[in-house]
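Structures given as structure tokens follow.
Next come two complexes, and both contain chain A; in the first it sits with chain B, in the second with chain C.
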Partner chain A sequence: MSRWRYVLKRLALSIPVVFSVITFLFLVLRLGPLDPVAARLGQQAQGADVQRLRENLGLDEPLWVQFQDYIVETLTFSGESWVVRNGAEVREMMFEVAGPTIWLGAWAIVLPLFIGLPLGFYAGLNPNTPSDIIANVSGIIWRSMPNFWLAVLALAFLRSTNGGDGPFGFNWYTTGPQTQSAVGTPTLNFATIDDIFGIPMLTGMDWSAFFVDLKLILPAAIILGSSSMAAELRLGRTAVLENVNSNYVETAKAKGLKGRTIVWKHVFRNALIPIIPIVTNEAFILIGGSVIMEQIFNINGLGRMYFRAIQTADVPLAGAIVFLFTVIIISLNILQDILYTIVDPRVGYDQ
Partner chain B sequence: MSDTQHEKPMNDEEIRTDGGTDTGESFRQRVMDNPKPGAIWLTVLVLLIAPELGRFVDWMLALGGGIKFIFDGFVAAPAWIGSNFEDSLGFVAGAFATDITALLMLFVLAALLRGYLPFHPDTRLGLDLSRSRRVWFERGFLTTVFAAVTAVLVFTPLGALLRNEVGFYVGVLDSIGDMQTLISRETIPNHGYQTPAGDWEGTFLGLSPRYAWLTRFLLVWVYAAVFIGWLWQGYNVFREHYRAMDWTPRDDVIDRLRSHSWGVFGIVVVLGFIVLALFAPAIATYPIQENVYQPYAEDSEFKYFNEESGEVEMAHHGDANLDSRSQGEGSGTVSINEYDEYGRYAPLGTTPSGEDMMTHIAYGAQTSLTIAFVSITIAVFLAMLLSLASAFYGGIVDLMTIIGTDTIISIPIFVLVLMMSVVFSQGDVWIAEPMDGGFLLALIYAFAYMPGMWRSIRGPSLQVAQEEWVDAAKSYGQRPLAIMRKHMAPYVMSYLIIYGSLLIGGIIIVTSALSFLGYGVTEPTPEWGRLISDGRNAVATESWHVSTVSGAMIAIVVTGFNALGDGIRDAIDPQAEANATGNAGGGA
Partner chain C sequence: MSMETVGQDSDTDETPLIDVRNLQTAFFTEKETIRAVDGVSMDIDSGETVGVVGESGSGKSVTARSIMGLVEAPGKVLEGSSIRFHQLETVRDYADRFSGHTVDLTELRGEHDPQELLGRIQTEVTAETFGRERRDEITLTDILAAGFGDEMGITDEDDCVFVTERNGDSPQDITAGFIEVTRLDGERQRQMRGGRIGMVFQDPLTSLNPVFTVGNQIKEALNLHRDLSGEEATREAVELLEAVGIPDAGRRVNEYPHQFSGGMRQRAVIAMALACEPELLICDEPTTALDVTIQAQILELLAQIQEERDIGIMFITHDMGVIAEVSDKVNVMYAGEVIEQADVYSLFENPKHPYTRGLLRSIPGTQSGERLETIEGNVPTPTESASDCRFAPRCPEAFDACEVVHPSHVEVGEEGDDHTAACLLYPEEMPETRRVNVHREATSDDRRGDSA
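Right, the complex of A and B next:
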């Protein structure tokens, strides 16, 4: 089977999955015990008000019609919020808050990648030394600590440093750019984008705003990325270990290549292969974790909006956000499979 | 899997595949020949159980209660489905639906139990059926028998009689369960009051509550260690004296696990967690009923020495709790290893609502353990069933399973669990009642984690299906079910154990995260995550212990389960780590 047919098949297989996700959401959110009417009018509401609202929301239509509408609404993200911001377009609400979540997620992927992987490679190149053991053990323990607990502790520590009370006179509020609060939503308006000849281009950077935004997100991003960092560390270590002992490295040594060249040209390249699924897995963890992280760090992002929507029985908003998450995950999985066939032709698409 | 080419399939009994062919004697015979070591072991075991008999009976009753709950759920299912039909289609349709559902459920049961039929009913009846027809005949036969038994139980007084009988035995067990045990609050009381002279009244041997509690606490661990050690000894006795084989591959696995220090650490932590959960009533500083659930009930009153008036007075736990709240600056924080104003000792301090932390931690372990145990059991069972079905039938069934599981897998697990937990906690669902939503949560986990589990064993089970030993078993005519059970399941099972122990860690974290957000297990059932949430604003104050201790407990237990998983993986397959890296992409 050629690569293109494999890609096509992979895409085709994801279509029924998308539809079954929509069906599942419909079953749980619309037909489940959630009561948006009670959320809007209070538990005691009765009579004509309830009836009018039910008609407005389309809850009295036949199920089949509701289901059709739901499919269309979900696929086009054209639903309207019922409770959180009554009548607002779900798409616009999501656009408004997507920025901080992407900002958080990007740093939560980048930071561990640049801390965990090098540490893992280092540990793998120096196996069974004290530093290897320390890196390994701390990675395992780090992986076991609940993110939200770490966040609570970190936040308490950062807050306690206000006024230079931290160890060695450390004060989080004045370290780097001055901030008023340890938590908050990054504004993300550090970049000026103008149209030059009709093409939007980056024309200016407000670096101080950039660093304020970075500082706001930094603790959350480090904690959110912590479990993937541990995973990357372990994986980087084993990947290097495995490759260092492989035959082609022996061959390279035998033909007199320098150690540095072997490591960079042969070991690392091959060790990077198993890292690909880790990054996709990371997205999986990040999306779930963003709900609770944004809640603790007071970041107005998608995760927080999702929590509020599901809490208040805002069915269209909650459903749309879950669907967005799911689409991201599905596309990442496809991307991963395709990347695999490119990076490592041995990984079979003939299966 | 066609078996048609084998003219005369041999019986499983004729082919011993467990290596026991050379010794014809049975386990019972071997015990008869050399009864001494076994008798000694059994006597000591009975002696060990005797002082704690009431506790063991209590555990059995709790387990029985859980099984009865699930059983009742199954029994109620036909009537529930029937009533749904009745609502829309009328009485006859409802009754019909009830019967059909009941018959279907009995049929599934019959299909599962068919292999254990001691005889072939068709040969008794003189019918000469082909193999597949015989299977169907036996299923039908069993279903009819079950249906007849059910009908007799439901429509005649026999059912009520049976229920009375069972009730009687449960009553007897209940009274045994109420018996005082050696390591209990009654034998070693830690809650007393100080006399004006400064002596302690009502505590164990007049010790101060701190040391009285510590005695009981240490006794629990000593007892548990001895008991677990003795069970291990039992395995050794069996291995040495009564096992037919001198060596099995499993011995190697166990030896590797024993020399795997990281895995041993995991075992110790996991066993400690289980003991903490099982012995929660003895480890808790105060009875949870009095301290947490009903602090203003009549039983929750206790004597204490009032320093201001210099007299011994009475107080409710509820009132005392209000004065011992650990909420940060200025509140009546009771920190680790301190007494409150009412002479109550708090080994881990108090919670922000003034309740005893140790009690919360011990019973919280119970909550986590129950949820993890129930959900993993259900998930493993379903995953096994699914993987067998999809591997066996292939084709469209396999494809449907892939799409179905992909649906669940592609929704981020925390988002999914949060959604379902919120949705089902908002309606008054009866299933949300046990453990304040704990049981519902277990079901949600089983649903959410099962696809991942299925995925993780799909590769290995497809792989093992192509092994030579499976071909060999096929070629001498072993039946598919027997092949799966004897030659495939053990291989797949090891993957399930590894995956399961890693999952338990995840489940504990997700459970606590949900209670942190105010969902999942709700008050008053103790939960570690809720403690973190309750104490989050006081981490930097004198009440730091609330969030820190509970979070550290979670971290330790999860590390333990991860270590156990790593240890078992290395023990089962020493090359696993290398393989795992190789498979990570290909098997994705």
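Right, the complex of A and C next:
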């Protein structure tokens, strides 16, 4: 009961947050130097064309009327794109490109979770051994390299392996499922994911297509998740180390519990507590990162569309996407709080 | 199982429940070897509370950890140490379940001569190594239990059950024997921990896992050692919580540690330690983190538990007041050694060792002048085996010989009351040169080559 009341309270408190975010975006786009009319007709356009378009888009109305329309359209996803795809429904446009972004985001969360966390736990259970040092040092190096730089390097390397020119005859194009082009070539059409991953799911999986899509997204996902992976590795290590040396582990040993039981039952559960906010926080970074990653890897996703909408002052489209991102982040925050109370009984909803 | 069997056990009159002999635990660091426990001997009977007292760093906790087998790398219990767990029922049980790790001394006695074996030991050993006064008192049991049998091929490295007397071949016919705690490993170690020897730690606030309910953590022990699970285990856990005086135990059993107060948590930890009906309970400063009223309650609880279950308690503390209240016998530790051993009345009425006297004088209210008296300086970290008295630099009564002769334990009390102290001031009736000689001989006369 109190859990639901807490969620409701959090939702109510998030209304001002959503409102300020979309208002801020509106102000920046409408009062800033960007002009959607110029973006559509070109800088040289003049006279009647411009005037007609301005009227068409409603830019001649008083600002508060424009703002009112914008808020309503954004919250109901009912706007129409001004520039990016003239006149198309924002809802449909977003729906079309959401697939690749979700696909990329999911792998960018799952991969670090299943690589970084186990590595970190392993390092924490074997502190100061060579494997711990290797894991730790590579974690630091991995985390220090910025996403966009790593992405460019990785792309250059993968492209260079075409025709078996990579080290030891490595060829990214023929490794695993055969692909025509390396990740990020403009011909990539990620919209096919929906066809493979969505509809045939009911009748069965097309595994070869699944692996093709996985391979295409893999470099981007690894690089996008790289900093989370390193963060989870390092935090997992510290959390385990801290708990392994704690008094309750001593008590558990004195009880005669097996080492394995102590680690799996007592240590891991406690080590998860500091990991939860890290994982959810990294998810925020993924949203920002996906904008850059999709641009570099040429993935036709939400992030890329958002980038273009901002560039061209496509207010209805940008507003809708920002609204979606805000909603995702707020839900993640609430989810994090709920997870906290499940994992750590000391955290409650009372004052 | 504890109460009746202890009564039937004809052996308990002579042999203690647990017998620690020449326990040496060292920590090997890159810089030096720290001899945290250096030749500690003590024994504990069922139904008896033995206090271990000393300043921080005197090796009290490491002694307890060595008994529990909780000393971890870089720490190690050294060869020559022996901790014998004599409870007959446990010995029979172990001999039954781990027959491959049982050494039958009744057979081996015919085959080996202890004096001859002594000559074959590679390292330097003295009678003191085996907790004996003279070299010819050393028995085969002593040599094998201390771990010297491994290198001679008589025992295996993981042999841990030693049978000294038996009427027949079956494990139930064993009439005397012991489990050598220092040689336990793996499953045998875990059965002993918690199952036969329980431990209560210093800080109740952190010694329970915060993310599991108190009941869950008690049931874990019940499940492990008594094969109870489900409803049955819950009922037993509730009973245990009631037994340690937690009100409304039926509801409390499903609560988390943070919902308990400090004193209640310590009660829960005690309940957990009692869950498997141990024969020996080691309490490592269990009341240090609690306020005085709660401390009194916990001490009362321990006394009551001891009366009901007839368990042996090893009580570690640095608080002389607590020692006076709970213990029957007291071991005063300093820098890894026991320096005075006596029953509680003799110790408080008639302390012999200058260190013990210093400790008693530093209890507020007992000093002679205005200011509280203290012992100057700190406990040294023992890094080498002692060739002097480790307390000498802080001792008000030290003389020249204290720096070159390591004192051994001598009788200091009335005839037969087992009051001993390791100090060159004793035996009191002798003149100084003879006293020093007594100690010098006790430690050097038995060195190999001299008497063999």
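In the analysis below, the second predicted complex is superposed on the first by the 324 of 351 C-alpha atoms of A that agree within 3 Å, B and C clash if a C-alpha of one lies under 4 Å from a C-alpha of the other, contacts with A are read in each partner's own complex, and residues count from 1 in each chain.
Keep in mind that, in the parts below, a contact is a pair of C-beta atoms (placed from the backbone, for glycine too) under 8 Å apart; a residue touches a chain by one contact, two chains touch by 3 or more.
Remember, it's a predicted structure, so these values are computed and weren't measured experimentally.
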Checklist entry - Clash or fit: what happens to chain B and chain C when chain A is overlaid? => result fit
Next on the checklist: Touch test for A:235: chain B only (first), chain C only (second), both, or neither?
Outcome noted: first
Next on the checklist: In this superposition, which partner touches a larger number of chain A residues, chain B or chain C?
Outcome noted: B
Next on the checklist: Touch test for A:46: chain B only (first), chain C only (second), both, or neither?
Outcome noted: neither
Checklist entry - Is A:128 touching the first partner chain B, the second partner chain C, both, or neither of them? => result neither
Checklist entry - Regarding the shared-chain residue A:248, is it in contact with chain B (first), chain C (second), both, or neither? => result second
Next on the checklist: After overlaying the two complexes, what is the shortest C-alpha distance between chain B and chain C, in Å?
Outcome noted: 13
Checklist entry - Which residues form the common part of the chain A surface touched by chain B and by chain C? => result 273, 344
Checklist entry - For chain C, which residues count as touching chain A in their complex? => result 68, 70, 190-195, 198-199, 201, 203, 206-213, 220-221, 224-225, 256, 258, 269, 272-273, 276
Item to check | Sites on chain A touched by chain B in the complex | outcome: 13, 16-17, 20-21, 24, 28-29, 32-35, 140-141, 143-149, 152-153, 156-157, 159-160, 235, 238-239, 242, 273-274, 276-277, 284-285, 287-289, 291-292, 295, 306-307, 310-311, 313, 318, 322, 325-326, 329-330, 333, 336-337, 340, 344, 347-348
Checklist outcome for this item: The residues of chain B that touch chain A in their complex are 402-404, 406-408, 410-416, 418-420, 422-424, 426-429, 505, 509, 512-513, 516-517, 529, 532, 536, 539-540, 547-548, 551, 554-556, 558-559, 562-563, 577-578, 580-582, 584-586, 588
Checklist entry - If you look only at chain A, which of its residues touch chain C in the complex? => result 246-248, 250-258, 265-266, 269-270, 273, 343-346
